[in-house]
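Two complexes come next, and they have one chain in common, subunit A, joined by subunit B in the first and subunit C in the second.
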Partner chain A sequence: MNATLAWFARVVGASVRVELSKGLHAQLILGVLIGPVSSAIYILMARQLGRTDATVYVVLAPMMLGMWGTAITTSGEAVASERGEGTLELLIAAPAPAALVAIGKILTTTTESLLAVPLTLIIAVALGMPLAIEHPGHFAVALAALTLSTAAVGLLFASVFVLARSTRLFQNVIGLPLWILSGVAFPLALLPDSIRPLSALVALSWNAAVLRASATALGPWWWFGLGAAIVLSVVYFVLGARLFVGVERRVRVDGSLSTF
Partner chain B sequence: MSVARVLAASAHLSLGEFFSLYPPRLYFIAFVPRIVFSLAFFGLLAQFLGGPEYLRFVVIGNVGQATFLGALSFTVASVTWEQGAGTVPLLVASPGNPILVFVSRNLAMLFNGALSASLTLALATVVLGLDLTVAEVLGAAGIVLLLSSSVYCLGLLLGSIVLRFPQYRNVMSNIAAVTLTFLTGTYVPVSALPTWIQPVSEILPVTHGLRVLRHLALGAPDPGVSASLAAEIVIGLVLLGLAFLSFRYFLREARIAGTLDFH
Partner chain C sequence: MAAISVRDLRRTYTSTVGLLRTRKVSREALRGVSFEVERGELFGLLGPNGAGKTTLVKVLATVLVPTSGSAAVLGHDVVTATPEVRKRIGLVFGGERGLYGSISGRDVLEFWAALYRLPSGTARQRAAELLELVGLTERANDKVWTYSRGMKQRLHLARGLIANPEVLLLDEPTIGLDPVAAREMRQIIRQLKERGTTIFLTTHYMAEAEALCDRVAFINDGLISLVERPRVLTRLVSELRHIDAELVSTTGNDLAERLRGLGGVQDVVSTAGADGVVSLAIKTDESGYGPALALLAAAQPISVTTREPTLEDVYLRLLGERGMRV
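Here is the complex of A and B:
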C-alpha cells in the first residue's frame, strides 16, 4: 500500500516537474493575464455607473472565472497536445495511471494561476475600486477551497476530453454556462427560477458566495457554504478520477483511443 | 497565376478548412451555444449593474464582441496552421504570390465573424424587443459585415506577427480580443474610459462601426454616420496594408535566414 502511494506520488511529482519545466508558457500567460485584464472591463462597467457597491462582484468574478477557465482550457490543451504529438497512446499504454499525470499538470497550472489574484487586486486599486477584504483569514481559506475546486473541475473535464476529438471546440463552449449558473458576476436571483436550483451543483457558485462574504460580511451560512464547495470539489475529483480510470481501461481493452 | 485565381483557390481552401473544423452539426452544438451564452452572461451582468437601459447598450456591444469570437482568434491561429503544415516554403516557391494566400486563406473566418454577429443581433432584437424596418435590418447586416472585415484585417496583421512566435497565437488573439472589448465601446462607453486612452479607441477597428450600429438599432445619438463608416473602412484598409507589409517582411527575412518553417 505504502509502495503504491509512493509510486503514485512519484508519478504526480514527475508530471509537476515536466509542467514546471515549461516555464512561462502560453497557457499560463493566458490564465494569469486575461483574468486581471478582464477585471478592468468589469470594473469600468461598474465604475461608470457609480456602482461601487458591486465592487465585490466585478473584482472577484474575473479572477475566479480566470482560474476555472484556465483549468478547463489546460485540461483540454493537455489532452489535445498529447493527442496531436502522438503521445496520448504512449501515455495510456504506460504502467503509471494517466489520471495521475493529468492531476500533476492541473495542480501545477492551478497553483500558477493563483498569480492572477494579486494582479487583479492591484488593477482594482489602480482603477479606483479597491476591494477591502474584511476577513483576510476567511478569505485565504475560501481561496484555498477555490483552488481545490479548480483542480477538481480540471480533472473532471480532462477525463471527458480524452473521449472527444474536438476538445478545443468544446472547451470554449463549456465555460459560459458554468459562469452563468455559478452567479459569479451577478446575484443568482437574476436567473430564471427554473434553472436556479442547478446552481447548487456548481462548486463555483459556493466558492463565489464564500469569497464575497469573506470580503464583506460573514453570514451564519459561511461554513456551510465552504463545506458545500469542498464536498462538491471532492465529488468532482472522485468522479473525474473514476471516469479517467474507466476511460483508460476501456480504450486499452478495445484499442479505440485513436478513433476518438 | 492571376490574382483572382489565387484568391479563389485560397478562399476555397479556407471554406474546406472551416467545414473540417466545424462541420455544420458541430457548429450548432459547439459554436452557436457559445454565442447564446455570451449574450446571456453579459446581458445578466448589464441588467445587474445598470438596469434595462444599460442592458440595451451591452447587448448591441455583444454583437461587436461576436465578431472577435468568430473572426479574430481563428484568423490569427490559422495563419500559423500553414506554417505548422510545413507548406510555407512551398508557397514561396510557387509562382503565385504567397502574401495573397495568407490574406485570403482565412476568408471563411471573416464570414464566420459576420454570421456570429448576425446571430447575436437576431437574438438581441428578440431580447430587447427591437422593431427594425427592412432597411434598418439590411443596414445592420452591412455594418456587421464591415465590423467583421475590419476585425479580420486586424487578425491578419496579428497573424503575420505571430508567424515568428506561433506558440503564442492564442495569447495574442485573446489579448487582442480583450483589448478590443476594453477600448472599443463594447461594454463601456468610450467617453467613460480614462481621457488619455480615448484617442487609442478612435484608431481601433469596431469603435466607429459599433457607434453606427447603436444609432441604427437603438436610436443612440447620431455619431455622423458617413464619417463613422468611412473611419471604420479606412482603419480596416490600413490594417490590411500593414498586414501585407508585415507578411512581406517576414517572408523576406525568413528566406534570407533560411527559417521559413523553423519558427
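Here is the complex of A and C:
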C-alpha cells in the first residue's frame, strides 16, 4: 500500500515537473490577471460611490473568482491540450491512473494562480483602498483552504472535460452559476431562499466567508466554516477521482477519447 | 501461451447525427477478427486507411473496449485484466502527435517512466539508454518541438520502450518519414526483434512489412483475409512475372499495344516521362514471358529489368483498387 502511495506521489510529482517545464501558459497568465484587473474596476466603482465599507468584497471577490476561474479554465485546457497533443490515449494506456496526472497539472496551475493574491493586494493599495488584514494567521490558513478547494474543483471538472468535446462551452456554462451560488461578491442573504441552501454545497462560499472574516472580524463559526470548506474540498477530490475512473471507462466504450 | 490472442473481435462505433431529428449511426470497424501472435514474433498488419488497423491496436492497448469477442495480451484479457496488460505493453503511434512539445526529450521519457512505475534512478538510466538506442543523446535536453519529424518518431519509440515491454504495439511507426529516417526506424525495430521483444506492427508500406515481419495479416473493411509468412504469400502470386522497361516514346507507345496482344500477358501499364521516355510495367505468366522479352529486345530498350513478385503484388491482388488508395 505504502509503495503504491509512493508511486502515486511520484506520478503527481512527475506531472508537476512537466507542467512547470512548460512555463506559464497564456490561460494561466490571463487567469492570474483577471482577478487583479477586476479588483481595480470594482475598487474604482466603490470609490466613486463612496462605499469604503465594501473594501473586503471588491478586493477579495475578484481574486477568489480569478483563482476558481483559473482552475476551471486550466483544467479544461489541460484536458483539451492532452487530447490535441495526442497524449490522452497514451495516458489512458499507461499503468498509472490518469487522474494523478490531472492532479499534478491542476496543483501546479492552482499554486501558480496564487500570484493573483499579492497582485490584487498591491493594486488595492495603489488605488487607495488598501485591505487591512486583521488576522493574518487566519487569513493564511483560509488562503491555504482556498487553494485546496481550487485544486479540488479543478479535478472535478477535469474529469467532465475528458467526456466533453467542447471544453470551452462547458467552462462558461459551469462557471457563472457557481459564482452566484458562492456569494463571493455579495452576502448570501441576498439570494432567494429557495436557492440559498445550494450555496452550502459550494466550497467557495465557505472559503469566501472565512477569508472575509479573517480580514475583518472572526466570528465563532470561523472554524466550522473552515472545516466545511475543507470537507467539501475532500469530497470534490474523491468525487473527481471516482468520476475520472468512470469517465475513463465510458470513453473506452464509446471510443470518444481522441475526438474533438 | 501466445503473446497476443484475438478471437472473433468486433468493434462498432456509434455516433449521433442530425440536429432536430437525431438518429444513431453505427459503423463496424472490426467485424470478427481472429489471429494469434507468438512470443518473440514480429507480426505485421497490412491494410488501407480505415481498414481497422488502428482500432485493433487501440483494443490491444486497452484504450478501446471491444463490442464483442475477446483479446488477450500474454494471457491477460484486455477488458477484465486491464492493469496487467498495461504494464506489459508499449504503445507507439505514428506521426508527430503524442509527445509534449515544450519539454525536452529526456523529460518526456522520465515523465513516462514514472507512469510505468520505474524508480527515479532506474528511470534516469533507462531514459539515457533509450536516447542512445534511438540516436538522440546529443539532443536529449532540447525541447521536443525543435526535433525533426524523424527524431520525434524515434522519441516516440523510446517512450514506448521505457518500461522494457514484453509486447510492443507499433501503429504505422514510419508514416510520413523520409526514406532515411524510415530506414533508421526499421533498423531499430529489427534490433528490438533480435532482443526478443514481441512486436505487433501496423503499416501500409509493403516493403516495410516484407523486410521486417515474420508473418503478416491483411485487413480490409474490418476483416482479416490472410495470415502468413511474407515468402509464402508472395508464392501465391508467383505465377506472375514482372518486367519493367524504359523505351523512347516513339517505339514505347506502339510496343505497349503489341505487348497487350501477346498471349499470357495480363497487364501492361505505360507511363510517359517528361524526357521523351516511356516506362512499361508488364505482368505476364510464364507463357508470355519469353515472347514479351523478345519483343522488348527487338525494340532496343533503354533498360529492361525483371523482378520477383513482392508483398505489394499480394496486397493489390487481395485488396484490388481499394489497395491503391492507401
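Keep this in mind: the second predicted complex is superposed on the first by the 249 of 260 C-alpha atoms of A that agree within 3 Å, B and C clash if a C-alpha of one lies under 4 Å from a C-alpha of the other, contacts with A are read in each partner's own complex, and residues count from 1 in each chain.
As a working rule, a residue touches a chain if its C-beta (ideal position, glycine included) is under 8 Å from a C-beta of that chain, and two chains touch if they have at least 3 such contacts.
What you see is a predicted model; the values in this text were computed from it and never measured.
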In the superposed arrangement, does A:46 touch subunit B (first), subunit C (second), both or neither?
first
Using the superposition on chain A described above, determine whether A:197 touches subunit B (first), subunit C (second), both, or neither.
neither
Which one hits more subunit A residues, subunit B or subunit C?
B
Per the contact definition in the header, classify A:15: touching subunit B only (first), subunit C only (second), both, or neither.
second
Using the touch definition from the top, say if A:33 reaches subunit B (first), subunit C (second), both or neither.
first
Tell me which partner A:86 touches in the superposition: subunit B (first), subunit C (second), both or neither.
second
In the superposed arrangement, does A:255 touch subunit B (first), subunit C (second), both or neither?
second
First (subunit B), second (subunit C), both or neither: which does A:137 touch?
neither
Subunit A positions touched by subunit B in one structure and by subunit C in the second:
none
So in the complex, the part of subunit A that touches subunit B is made up of which residues?
25-26, 29-30, 33-34, 37-38, 40-42, 44-49, 51, 54, 57-58, 166, 169-170, 172-173, 176-177, 179-180, 185-187, 190-191
Interfacial residue positions of subunit A with respect to subunit C in the complex
7, 10-11, 13-15, 17-18, 21-23, 85-87, 89-96, 101, 252-255, 257
Residues of subunit C defined as touching subunit A within the complex
11, 13-14, 58, 61-65, 83, 86-87, 89, 91, 93, 95, 97-104, 107, 110-112, 114-117, 120, 159, 163
Over in the complex, which subunit B residues touch subunit A? Could you list them?
21-22, 26, 30-31, 33-34, 37-38, 40-41, 44-50, 54, 167-168, 170-171, 174-175, 178-179, 181-182, 187-189, 192-193
